[in-house]
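The letters A, B, C and D name the chains in turn, as written, and every chain counts its residues from 1.
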Amino acid sequence: MNLSATDLCLTVDGVDHLKQVTATFVPGRLHTVIGRTMAGKTTLLRVLAGLQAVDSGALTREGADFLKTPVWRRDTAMVYQQFINYPHLNVFDNVAFPLRRAGLSRNEIRRRVISSLARVGLADFERRKPSQLSGGQQQRVALARALARGTGILLLDEPLANLDYKLREQLRDEFRTLFSDQGDTVVIYTTTEPAEAMMLGDVVLVMHEGQILQIGSPQEVFERPATTTVASIINDPPMNIFTGRIESGQVTVAGFQATHVSAHLADLPDGVYQFGLRATDVSLASAGVEGEVTFVEISGSETFVHAAVGETPFVIQIEGIHDVALGDLVKLRLRPERLFAFDEEGSLVRTPSYDLAPVEGR
Amino acid sequence: MTQLDIVDVGHSYTPGSEEERWALKPLGLTFEAGKTYALVGPSGCGKTTLLNILSGLVRPSQGQVLFDGADVTALPTKARNIAQVFQFPVIYQSMTVYENLAFPLQCRRWDKARIDAKVHQVAEALDLDDRLRQPARRLTADDKQLISLGRGLVRDDVAAVLMDEPLTVIDPQLKHSLRRKIREITEQFRPTVIYVTHDQYEAMSIAQEVLVMKDGRAMQQGTPEQLFEAPSSTYVGYFIGSPAMNFLTVDRTHGNVTLGGRALAMAWDIPQSTSESQVGIRPEYVEVVTEPGPNTFPARLRDVRDHGPQRVFEMEVAGQLIRAKVPRENGIPALEEFLVHLPRAKALPYADGRLVLHS
Amino acid sequence: MEALRRHKSMFLLPGLLTLALIIIFPLLFTIRVSFSGWNVSNPQLDFIGGANYATMLHDSRFWASIMRLVLLAGGTVLIQYVIGFGMALLVWREARGRRLWRVLFLVPMMTTPVVMAAIWQMIFHESLGPVNDLLGMLGLAEVPWLTESGPALVALMTVEVWQWTPFMFLLLLAGLLSLPKEPFMAAAIDGADAWRTFRKVTFPLMAPVSVAAIIIRLIEASKLSDSVYVLTSGGPGSSTETPGYYLYIQGLRDQQTGYSGAMSLTYLVLMIVTLTVVAALLARAFKLKGDS
Amino acid sequence: MRSRLYPVFKYTVIALWACFVAGPFFWAMTTSFKDVNGVQGGATYLPWLQYEPTVIGWRNIFGGAGGVDVMQPFFNSAVVTLAASAISLVLGSLAAYALSRYRFKFGFIKNSDIVFFFVSQRIMPPVVLVIPFFYLLQWTGLLDTILGLVIVTVALLLPIAVWVMVDFFNGIPREIDEMAMLDGCGPFQTFVRAILPNSLPGLTVAAMFCAVFGWNDFFFAFRLTFTEVQTLPQAVVALNSSIPPWWTLSAAALFGVAPLILLALWVERYLSKGNLSGAVR
């Protein structure tokens, strides 16, 4: 029942939309595909759904060539980023549409529609037209339609991206329970937000410029990002990446005082490295290296201070809301024990120790 | 730079309806000269109505709008000397960037040399000075928004710049830089800015003061820090912050506040007369501890949500849901039952949904 | 995707083939017949080379009809555009009675041109029609509307303006109504007066609709012949003849099939070339080039 | 511009235009109730005051002595219009859907070229087509038959249907098609079940255009049908002679345009801002 993609490639007007994408999607698990806008996430879903042809590569399901299967026989449901429903049908008929196509009995259709509308919290909306619903409700209808069929493959393309902030938070919480028991369904969910990918996924796939950079459990990807690119995609704000040297037991980073290497980097050979440090692992202190504040962003409950140390930009995440003015001079303190080390090409060589054991060797 | 005052202004789109159903319930506000304000709230909260009343597009059903003390309630948009940036970039398609920026000044019959100097000054601040001769319609959406902003900034005397969700149609990648640019520009030129958005992230990043609205009412006006640290109502506590603030229903016995039978020490008192007493505490301030002590309560872990650098623990305390935001490096408690500590200074008293700070 | 490739032709081909079959035969036939001497006494497809085309070059009646058509089409479409746009600007912000305007403007463009031309013919009648009667009441002299070349052209243009200004009006009104309101607010905020707002906001925003409306009307106007037939029968003399009407006389009434074939093709090619050039010029005049 | 005189100016202009529009109809209406006495003495307008009204003109067109029968031409026109419109709408929507949704490539010919081929047929003057059609129909024995007229009228209407519908379909999000296919519909079912039900406004506009152009066609009918099949415009024009039985002509003319006026009243509501402007782009 696995859905396997092998070396999928698609180039449009000289731009790689998919580049040797190889992945296996397993029934009963929720796969989150994270990447920035234009990373190829939507293209991948469209290929899996049969809405988009590829230049080369293979796609198999239960060993059979899935590329040859037309869309309407793929047993696939999809929820779009834009709230797509049939404008001419009311909520009930929208959800019933695929069930009627599948030739279910009237009673069975009625039962399934009612239960899936209840699951998404729209029990009393059967007779409304989609245009009479709010954006969040329209997306719930689309979700109910996708769930009602119980398809073998369920694709969700950034389903929360166009919703208000608080609604997004609420639906994201609901998704956890909604998708917790998917039986034999392969669920694939794309997003640009690390927190969403981490929270929802059993498996996280990191995509960038049409390529899959890493596949793993949320914990694996977060704690052992394979490359600097993965590290910056899976962290929000992106991980601070800067160049430095390890030389005779000292770490040197331009603008900072040299410090002793911490234990997890101790056995690395001398040389130039790229270091990664999460925004949460840089702090403002009373003493430290001076940086100039270039921008301050405030989320609901965190403050992100962007500060430049010489030429190197840093972003610092502070819990809570703090008033930091543009142009202020602040003191930065890095936590050396939290440094990720990447080689010059950007591949991971050492991680700080979390729950997982540090990566061994080069 | 003008101070804007709203005096007892209310508005209903259907005249004669009862006040409870007005799009904007009567309220009074002051927007100080040279400051940036954000109006934030879900759709239908009245923020756009309020903006339209300021711009003169909507004449309020009651009350007065004062610009530097002068009553402008009856004046049309044109006579109010404001600038506005809309959701969708508005530029004069047939003109170049330069002509777009010069247009308001030409309408005011400035002489050429003065226009030229002013346009160059503003274009430089907006980083548009290298594209002045290009047709404005060829620019990207974010640059077009800058032109809209620039058309307001060229007028020295502009009373206020109104911005109506200006980032809506901007690419996600460019949102960040445009937001940054808007912030820089407003700090440099210091106009009075009223910025409408539904996104709390945007509101708090751009504005010095944020006005949270809901159902046509102003819920709270304050700095981002105030909104976070001391939400005036359970709604603001829910709306600002992610995850939302925790609210726990508490009992008052013998003048003491108790939660699940245990005493909860607080810096403030809750008045006796309230029918529902709650304690509000941000998930950031809830601590997971092992040692019993003052203000610690037994908790049961229900779920853990991995947000990356932090984890959000969903726990049950005295039969109520409470969330804690915990740094990843602290790990997940091995035991199913443990304690949470609610710091005394961070537990805020709410009576019938409103913050009451009596000591 | 594979499967879709087979289906797409099944959607397209029935319509495409039907039209192609209906259109291609007449075109080929016309091309072939234009090189033949087919006429009423010699109804066969012989080959006489370019003789018909040579005759045509010296047929001043044909060229005069072409020039007349250019003036008639250009003139009436321009008048229609100005009146239509002007009236649309008058009423577009008026919500009251919008349905009434629409019906008022729908009726003329929907009614049968030849039938209306028959009614107009009565109206322009020199001695019994109401136009001269009304002019008389105003103390003006009677005008020989349909029997003198100048007035006959005016009459023809009046009928065209009556019938097709509504089309312009409705298209431009629809265009105006679909304009976003923000640019107008921005202009008001920037302090622009009514004239400046029209020149810098309304007119540029309406450019695409304007060009489309003008081109559509030019295409339809260049086929003008039915109303000529009913109203003036091309007269007096040949002074209101359009190519369409002249071709009708040559090809159908006098059955100069070969010769009319040559003229048909020339007329068609001239029309296509002229309209293409005009479309390009209009697009440039309205500064549409390079825009999506 | 915004002076107090502006509304006066506005309503004066509109009133004048309304008179101009209504004039011919008023003239035809009043003339249709005249007889020779009401016409011969010069223009008259008001019944009873200026002339004695009679219904002779109206009686003439319904087979009265010395008149013509308009009912048969009316039915001929109706049949030709309905049949040609129906064929054009069906073939046109199918083709328009294909052109809106799928990408075609035959050598250098792409979608836009095919759309242009359809729409460009509107540029063909009827007079260019009518001579070849004459021989074509003569050879196939369809001259002077309803079927023959229907076929050539389709050539007139199909481009209109394609033009209106391509634009309309382009305005329907492709995701609707995709969703229908994911929901288990094959291509044809997708079109019938998901797209057509959402296309009623577009179909209405297209049908209206087809009906109007079909009904109003004079030239093809005039040259390709003679005695057996006469359409209504033909019948009216046949009454138009220099010796005027104007009352009969007026009655016939009004009868001929009456369906269109009714249609205009009915379709007005569909010409809300989206539909018509969409058809222009």
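Everything below uses one rule, namely that a contact is a pair of C-beta atoms (placed from the backbone, for glycine too) under 8 Å apart; a residue touches a chain by one contact, two chains touch by 3 or more.
These numbers were taken from a predicted model, which means no experiment stands behind them.
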Chains in simultaneous contact with chain B and chain D: A, C
Shortest path length from chain A to chain B (each step joins two touching chains): 1
Two chains sharing the most C-beta contacts: C-D
Whole-Å separation of chain centres (CA-atom averages), chain C against chain D: 16
Intercentroid distance (Cα basis), chain C paired with chain B, Å: 57
Centre-to-centre distance between chain C and chain A (centres being mean Cα positions), rounded to whole Å: 58
Shared-contact residues (touching 2 or more other chains) in chain D: 186
Overlap residues in chain C, where contacts from two or more other chains coincide: 3-4
Shared interface positions of chain B, touching two or more other chains: none
Residues of chain B defined as touching chain A within the complex: 42-43, 171-173, 176, 179-180, 183-184, 187, 198-201, 204-205, 223-225, 227-229, 238-244, 282-284, 303, 305-310, 325, 327-329, 331
Residues of chain D defined as touching chain A within the complex: 173, 175-176, 178-186, 189, 193-194, 197-198
Complex contacts: residues of chain D adjacent to chain C: 1-2, 10, 13-14, 17-18, 20-21, 23-25, 27-28, 31, 39-40, 42-43, 45, 91-92, 94-99, 101-102, 104, 114, 117-118, 121-136, 151-152, 154-155, 158-159, 162, 186-188, 191, 212, 215-216, 218-219, 223, 232-233, 236-237, 239-240, 244, 246, 249-250, 253, 256-257, 260-261, 263-265, 267-269, 271, 273-277, 280-281
For the chain C and chain D complex, residues of the former touching the latter: 3-4, 7-12, 14-16, 18-19, 22-23, 25-27, 29-30, 33, 87, 90-91, 99, 101-108, 110-116, 118-123, 125, 127-130, 132-134, 162, 166, 170-171, 174-175, 177-178, 194-195, 208-209, 212-213, 216, 219-220, 222-223, 225-226, 230, 243-244, 247-248, 251-252, 257, 260-261, 264-265, 267-268, 271-272, 275
Sites on chain B touched by chain C in the complex: 55, 57, 76-78, 82-84, 86-88, 90, 92-95, 103-104, 107-108, 137-138, 148, 151-152
